[in-house]
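Worksheet: the structure to be examined is printed underneath.
In order of appearance the chains are A, B and C, and numbering begins at 1 in each one.
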């Protein structure tokens, strides 16, 4: 869990994922000697702040977004949201401006809902603040801000260890609706002809998707991927005996959205562990679901 | 009207249009010997569950979406919508899960608006349900669920009979915002240089667009296509003496949306018969408007 | 200010920018002999109603949208909006239908908010109406409808006078969410490899962005461009000593949206003078901010 803990503490709100990119490139450089197959690493500025890892002869791509939700300083002591964080007075926020490191507190006006920070000095306009990471581990669970989607990134790195054929894409901007998957998907498709994608992201605990009951395979969120592809995945999960839960939601979105609307006929499926306390500093995930997620990705990348 | 009746009864909610694809391929295979020009039929998995028919040297493409609105079983007896169906307690819904065929009833909670089904057994999570088709024909009208857009498909098949130059595209996912037109449009443009499109879909009876008064030519919905193209179409309709009505709406969308935002300079226009009781089991269309729709498409595909 | 005044009076609501295209082509044809570098002018129907000016060896593209907000006649005396105009009873609207020029008055129903026009005769269905341009100039300010974005267009023409390397793109449909930037951006990228863009548009006076205090550099609106690119721009502005203000908003959008979601890795930044009375007939801009806008674009096109 050391790796996951480190990932959760990296400052990478949407639009500024560079620190995550650098951490991952460094990690991959150190660890890849232990991997079964040495990937091609694509991380030039042509990919902006994203990374592609290409293993063998890929048939399927995994997308894991690196960015997180957070806040940005507007004018005076006002804050606005980056993506959709839960807001409660007292949440600890961290960041940095030209005057130095910042650790301040979120204030939510009870009547208007307006967001401000409480700090001993004014923070520079446009400064990004993210939840302070407090990583908590117990026997069955891990808890921290940004399990969404540092756990998806962690999952991709675990899968990389034994991956023979496939692409792993670390994407940006997911929390604000996207902006990198379109060009990553185009590159992957044009160079390798790949048009199957798995979205490695974290979903919600609900009355139908329970903690500890397995990785969620999403039949739909606000979008509906091609049913025949989802059903093929469900069959593979069933045969492999990996604990999974079917998710059926009418709201929500993911990196799958950019694939759905691209000019390439992508099949895609969202597969991820469920978490409770979504988009708060206290996102909590069951370890069994993390394991099921890794297991299912490993099988799917072999069998799809 | 036999063909239209059959089309209305096919299970093809957004994301699962495969039965419609198979029906159409079978129909086309049987009927095309009677057509003026033999089309190239493109229906491999590169086109997912869509079909392209290419006639002669195309200058214009017609898009008709095959998918329908409906419902999906969430958890327990909950239903969520596929697209935007009208919901009234008592509507009959049909579908199928691994235990067999299903004919159940929609229940709308009067206070919360929540949707459930009434059935003697639990239906499997993720099962799709659609309106039960009750096709009604009178002297001047036809009425059934899914005139939107089985009538657009029917229109395309009628136009195919005498079409010399043009592409007919049967698309997927329109009712949930799209997902196939982007790649179909790219293929059509790259191979044939075509960048004129007609959207064969069904629109609304309103105070300005009346049943029996002609096919609707849409000047705009939530989007606004290039005015010069629309005006060229209006001129052709006028000269041909085909009954038409100009539609001007601020809401609504169609397959035109994916063309508008594509990276190809498409001109597009929505042209379709108006219906009343939109998105209900009782969609009703005037036969004269159906005829005007077919007539206008035939002329436009010659003259554009 | 003669040029700006003329631009503000041209009828070019979204979807019907042809008069603006013709005015600009005529203006460019007359003026370009005075420009430092003779641009390639791309304005065939492949670019629909848009124009591209290509100077030297471009590294950066400037997008300035030509279209304006307005109204369209629906049924009877109803009006619907084109984009998001402010609506007040008494606003003067102008347009033309087949019966001739029109100058009518906007009526807003106080209870329902419904829009109608007051005119001595019925106006043809689908007719576009725009605010009547009343150009007002004082020592420090200019005021008129459609400073957004005729001032962005004016800025681009000023920059063109001395531009050595760069693309200027005059785009359509911005006020209704886009439709031309995708194909313009694709052309620019494929032919020149350019993937840096500046959005020359007008923004809002707020408590943080004041009239006369400099051109606004937007750190974000509803979208968040890549931070490293924005910070490079801020550094250049700072070094050049050009008055600028950092804007941080959670709402709003621009031509940048189509770049963000394109399948090309564009960096983009919205840079424009702030105005008060946004989207009304009385949009007002400080001349010092207009000058700062032109100055900053000139420097950026050299240094980026």
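Heads up, the rule we're going with is that a contact is a pair of C-beta atoms (placed from the backbone, for glycine too) under 8 Å apart; a residue touches a chain by one contact, two chains touch by 3 or more.
Chain by chain, the UniProt names read as follows: A, B, C = M20/M25/M40 family metallo-hydrolase.
Since the structure is predicted, the reported quantities are computational estimates derived from the model, not experimental observations.
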{"item": "Steps needed, at minimum, to go from chain A to chain C via contacts", "value": "1"}
{"item": "Chain copies touching (chain A, chain B) - same or different residues, decided at half shared", "value": "different"}
{"item": "Chain B on chain C, rotation in degrees - Cα superposition, rounded to nearest 5", "value": "120"}
{"item": "Centroid distance [mean C-alpha coordinates] between chain B and chain A, Å", "value": "36"}
{"item": "Residues within chain A bordering two or more other chains", "value": "262-263"}
{"item": "Chain A-facing residues of chain B, complex", "value": "14-16, 18, 46-49, 72-76, 80-82, 125-126, 128, 172-173, 176-180, 182-183, 185-186, 258, 262-263"}
{"item": "Chain C contact footprint on chain B (complex, rising order)", "value": "206-208, 219-220, 222-228, 246, 248-250, 260-265, 267"}
